[in-house]
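Think of it as A, B, C and D in the order they're written, each chain with its own count starting at 1.
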Amino acid sequence: MITLLYFAWVREQIGTDAETLALPAGITTVANLLDWLASQSPGHAAALADRSRIRVAVDQTFARGETPITGAAEIAIFPPVTGG
Amino acid sequence: MITLLYFAWVREQIGTDAETLALPAGITTVANLLDWLASQSPGHAAALADRSRIRVAVDQTFARGETPITGAAEIAIFPPVTGG
Amino acid sequence: MISAHLQAEPFDLAAEQAALVGSHTDLGAVVSFTGLVRADDGLIALTLEHYPAMTLAQMQAIAADAAARWPGVLGRIIHRHGRLLPGAPIVFVLTASPHRADAFAAAEYLMDWLKTKAPFWKREEWADGSTRWVEAKASDDTAKDRWTA
Amino acid sequence: MISAHLQAEPFDLAAEQAALVGSHTDLGAVVSFTGLVRADDGLIALTLEHYPAMTLAQMQAIAADAAARWPGVLGRIIHRHGRLLPGAPIVFVLTASPHRADAFAAAEYLMDWLKTKAPFWKREEWADGSTRWVEAKASDDTAKDRWTA
């Protein structure tokens, strides 16, 4: 099981701030995860439509598309941070 | 008549913070003034011995050796400023 | 040592400065930066969302990084979260060092990071009832890049 | 508008900042610099002598110069004179502007001038009873030269 966290307009478009789920086999990178998530609901699809506007942290560390997620406990998906 | 003001160790070595006097004829620049002043007392001579350590303001504007002083009301003589 | 703080409450500039300087007598220079919510025309409020587990850790990491770059600098950074009104203080950086160059440089370095890389998302509320998520600014990225080039 | 003040009395950081920001709602960045008398080993006191007719006028001139270079910046500079003990605040620069870069740049510019060109002379009193007039520093001249090159 993995916990997904959503922030800002990603959260609003998906409609929840967190969900815990089991990933299907073959989902081993951040890019795999985003592709699979986008197929889960129209909200997920809308939120993830433009990947250039999506940033990801795996276990609270900024990650890239090729970052492995096997064994991760918490993955956060959000827009580019805007700072303070 | 002209007023001379002294600050910091220039003041201490000359022994007064101000004096008002009449300049002899031919004293028309800052350099002339310093040369003449240095002959006025041992304190003046000591204070003005090293001209590289002396700065001058004529009527409250920073001046150089060649700056004319004819008509000036107030000339201040002091060490390089050290700021705050 | 530069400490990092994440809070909803406002901060007290004079108290923070007094606490930082404390009994240190070798400090000649203290620099503060206070960021305020600008009342851009029609802005009603700004809400800062953050990632609780990550935002403070990232702030602590940049504070440690700055302390390593400027070993003589003491400091603290404070960032607020939640809903803030125009004019409200939102971010604070305080640095102190024996001489002014290090205090200024560390404060600017920390602010460049806080304004561009700190994990916050800002939502604006406007007088016409609309809301808008602030987009990341390219110009702020450029300011930060001065330090990593 | 950047105002200049020359006084024997201490200043109140929070009050100065509140007064400067006042009801301006377009200011996003406030930078303060506080210079303290450093307690270098054995220093008992520092006395600042100034040239009453000239020192404030020069401070007002640099304030006007900075205001012209950074037109969006509001600010104030305060310098104390007289005898000050280690730890005492001696000089203060406060700048505010819509964005941080101008506020930082104007504050550093003003401080470079105040630390090097302001017409003050400093006399140190030491624990062994000796006194010494501080010499002008070449390194401070260099910092100032960044702005005139």
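List of remarks:
The rule is simple: a residue touches a chain if its C-beta (ideal position, glycine included) is under 8 Å from a C-beta of that chain, and two chains touch if they have at least 3 such contacts.
The structure presented is a predicted model; accordingly, all values stated were derived computationally and were not measured.
Our note on geometry: chain A versus chain C, Cα centroid distance of 27 Å, whole angstroms. Chain D has its Cα centroid 24 Å from the Cα centroid of chain C. Taking each chain's centre as the average of its CA atoms, chain B and chain C sit 50 Å apart. Those residues of chain B in touch with two or more other chains do not exist in this structure.
Residues of chain D in contact with two or more other chains: 35, 115. Chain-to-chain contact here is organised linearly: an open path runs through the chains from one end to the other. Across the assembly, chains come into contact as A-C, B-D, C-D.
Per the touch definition, chain B reaches chain D in the complex via residues 5, 7-9, 57, 60, 74, 76, 78-84. Interface residues of chain C facing chain D in the complex, by the touch rule stated above, are 12-14, 17, 21, 25-40, 86-87, 98, 100-101, 103-104, 107-108, 111, 115, 143. Looking at the complex, you find that chain D touches chain B at residues 35, 48-49, 51, 53-54, 57, 79, 90-91, 113-123, 133-137, 140.
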